[in-house]
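One structure is given here, and the rest of the page talks about it.
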Amino acid sequence: MSNETYKNTALIQASLKKRYAREKRFQWMGRFAVFLGFLFLFILLFDIVGKGLPAFTQQYLLIDLDLSADALDVAPDADAEALSRANYAGVIKSSLRDMFPEVKSRSDKRMLYRLVSVGAEYELRDRVMADPALVGTRQSLWLLAHSEAASYLKGQVDPNSPEAERRVKDAQITWLDQLHADERTKSGFNTQFFTAGDSREPELAGIRVALYGSFLTLAVTFLLAFPIGVCAAVYLEEFAPTNRLTDLIEININNLAAVPSIVFGLLGLAVFINFFEFPRSAPLVGGIVLALMTLPTIIITSRAAIQSVSPSIREAALGVGASKLQAVFHHVLPVAMPGILTGSIIGMAQALGETAPLLMIGMVAFIMDAPAGVTDPATVLPVQVFLWADSPERGFTEKTSAAIMVLMGFLIMMNALAIYLRKRFELK
Amino acid sequence: MQGNDDMNQMKTADAAVPEEARGLDIHAHADVSNYETTGDPLLDNPKMSARNVNVYYGEKHAIMDVSLDIGGNEVIAMIGPSGCGKSTFLRCLNRMNDTIPICRVKGDIQLDGEDIYHSRQDTVLLRARVGMVFQKPNPFPKSIYENVAYGPRIHGLAHNKIEMDEIVENSLRRASLWEEVKDVLDKPGTGLSGGQQQRLCIARAIAVSPEVILMDEPCSALDPIATARIEELIDELKERFTIAIVTHSMQQAARVSQRTAYFHLGKLIEVGQTKQIFTNPQHELTENYITGRFG
Amino acid sequence: MADSLNLDQHTSHRFNEELEDVRARLLEMGGLVEEQCRKALKALTKGNLELAIEVANSDYRINEMEVEINARCMDILALRQPAATDLRVVVAIIRMTADLERIGDEAEKIGRFAQTLAERRDAGAFRGDPKHLGKLAIAVLRGALDAFARLDVSAAIETAAQDPEIDQEFESVTRLLISHMMEQPAAVKSLLRVNWCARALERIGDHAVNLCEEVIFLVKGSDVRHLSLKEVQDRFL
């Protein structure tokens, strides 16, 4: 007996090394996998943030402007009506010509004018209209730079590369360098990015419409999907009899979760827009479509959460004479709530990032004004990203990344909310 | 008399299904007819009475022709090996089996002479009159106060906060838990020790002033000291309530009950005064079970 | 030891062994007591001094066995918490050890009287008088032990039924001794001693009947100690 015991000890000891080595190997593989995951995430974030950060600054040029009534092409005592139609573009152009008198040729002049943003004239108009006393004076004002000039000022253009390969030409670089040397350039925080709608000009484009649109769409989605989803889950889990029909429903809900989102878009187009004649491009339709898409997720996760509630709680409630409804709403749902909320917020996050179905219902339109209600046309963040990523102008590249950053910020906030709600409910 | 097929059935997870409903079909070979319960299952003036109760889980015949009376203010213990039907029978007494979709109950069960399986019998009212304490302490994940106040609240037994406070205090006192928790009434009930949780569950059950309390292995998850406290409590409670207790511990049955019923493979084999069952059982199966012999 | 009560059918083998152990020990003690009684009777009737001294000094072994068996029964009660038949076995054995010990004491008593009687020349004529009584008492004792070994209720009742015979025999022995006393007043002292021996033998019979009652209690679960023989027979035969 004792001999055998010793023999076993020796055998076990011999096998120990191998076992520990295997364990070590597995641990290292796991660490490597985690490391790899983090590496890719880091590269992605680095790339996006690197590209997107410059979008949060804007470049301005200090231009000496002759705001005489002559130059503005208005009467000296012009009223607001006339002022709004004054020739601000001409003022800016002549001022630029005055600052660089050596520019003579037509094509050079056109390049010179391209230093300043198209939006500068509207900015100037707004300022003059706000303060008519400016008429007749000479002012040095900071005007928004054109996105190409701005990209050079931000150091994104290599002046030594062949001229044909870049959009900022040698002449423009010379002028910008001169302006820079005269301390006539500055950069500032890009508030316009958050306050403006979409624009053809990268330096004027903002995500306000998309932000509003995303918020409204998600609100509609949540208000529809959460109550319907939770109620469906409660019914299926607690009240529905188990038979063929409920089995069929369960299978179909599971299948529905796997249906490509674009199909929901087609459904939205066919049913809500063509049949019910809801307005196109509206957050209402987008929200409904996304709600349909999110419902299966919410139902499935809610059912799982309800299922995981210990049956002893139900029994306890029934045991003191609670009705089934009371048992479910007083005891089962509060316990299942963290799980339900987590599932719902994951579903909402999915909806937030969804593009394809919204393309189908026309939320891809070019919209400059923020929507005031759920029936006004709007777009959403991922669609905005999609649109900008598609634009040829260099300035939109950084806008794309910046919009992605905002979208991710949104997602992080939603996840944080999920965690907070979870903790809050679990404490009780 | 009808089963519960027409009830809204509520799905419950497997854990709620008594052991009889799961596992092997141990009843396939059992002879349903021709057996008679040894001893005296019937009483003169019973609080609850069951006559020829049969319970089926789908095809399985879990309880066979059981007739048993439960007298007022007595503690009756139901013992027997696993899968013998004792828990199932207990759950028939407040229609807790209704929650199991595949379960059918046949026979006649009366509370104070009223048929509890009658179609007009309301299960909510029934369960307010026949309370239940479960195997695992299962306080609601709410405060101690809320745990006790829940039953009276949903039944509208208290008209204001003062009355409710009174009910809660009395219930906790009767469950001999008041002294331990009176300063922490707003703390979650799940934070108490196992034994305290079970006493909280008893307080919760008696808060609605039931006439009968069913206990399904109430001490199986508790240590001997906590068990002793619950047993002491049962002894005190029998002054006011009728108690039916299912237990795996024969010693516990011997300690707390006045009558003992022995179940075996779905049949009620023997019923008698606890003293007699434990010193001189009449049926061989009872004897074998009580003395720990091979079946 | 196969029996009708399935005492060897517990799930716990240790419990089987423990119960078997106390039963075997009780039977061993019974054998010892019976032996003591035989020797005491022989020493008395034959006037064998040596045997008388041996009997008078051997009682301690019975006492030791009583203590030992009781201790083991206590262990079973405390550790196994026996119920039903098992409980009755243990309780019956505890009570039976007490009876056996008393029988042992009576045998010792006879031994002591036999010792003095053996030394007196005047006792020779009547020391054999309680011989039949003694044989009866020992037969009852033996029957009780057999009934216990076989857990045989009918044997126990039959054995107990012999008690009236013993009582009658005791009466006749007493009458015989009284007539002796009237014939030889000088030997009254010895005659009284013989009578005490007869009395002890009668007591042995009573204790043996108690043993039978314990056997009935053990098997049937009802206490028949204070029932008449007739009632017991009606109920269990």
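When the chains are written out, they are named A, B and C in that same order, and each has its own residue count from 1.
One rule holds in what follows: a residue touches a chain if its C-beta (ideal position, glycine included) is under 8 Å from a C-beta of that chain, and two chains touch if they have at least 3 such contacts.
None of these values were measured; they are calculated from a predicted model.
Participant: From the Cα centroids, identify the chain that ends up most central relative to all protein Cα atoms.
Facilitator: Nearest to the common C-alpha centre lies chain B.
Participant: Work out the mean Cα position per chain and let me know which chain is farthest from chain A.
Facilitator: The chain lying farthest from chain A is C.
Participant: Going by the contact definition up top, give me the pair of chains with the most C-beta pairs touching.
Facilitator: Result: the chain pair A-B has the most contacts.
Participant: Just the number, please: Cα centre separation of chain B and chain C in whole Å.
Facilitator: Their C-alpha centroids are separated by 51 Å.
Participant: Round to the nearest whole Å and give the separation of the Cα centres of chain A and chain C.
Facilitator: A distance of 103 Å separates the two centres.
Participant: Counting only Cα atoms for the centres, state how far chain A is from chain B in Å.
Facilitator: 58
Participant: Could you list, by residue number, the parts of chain B that touch chain A in their complex?
Facilitator: Checking each residue of chain B against chain A gives 8-13, 15-16, 94, 96, 99, 101, 124-128, 131-134, 136, 138-142, 150-151, 154-155, 188, 201, 204-205, 207-208.
Participant: In the complex, go through chain A and note every residue touching chain B.
Facilitator: Answer in residue numbers: 237-242, 307, 310-324, 326, 330-331, 334-335, 428.
Participant: Going by the contact rule at the top, pick out the chain B residues touching chain C in the complex.
Facilitator: Residues 250-251, 254, 278-281, 286-288, 290-294.
Participant: Provide the residue numbers of chain C that touch chain B in the complex, in ascending order.
Facilitator: My answer: residues 6, 9-12, 15, 81-88, 221-222.
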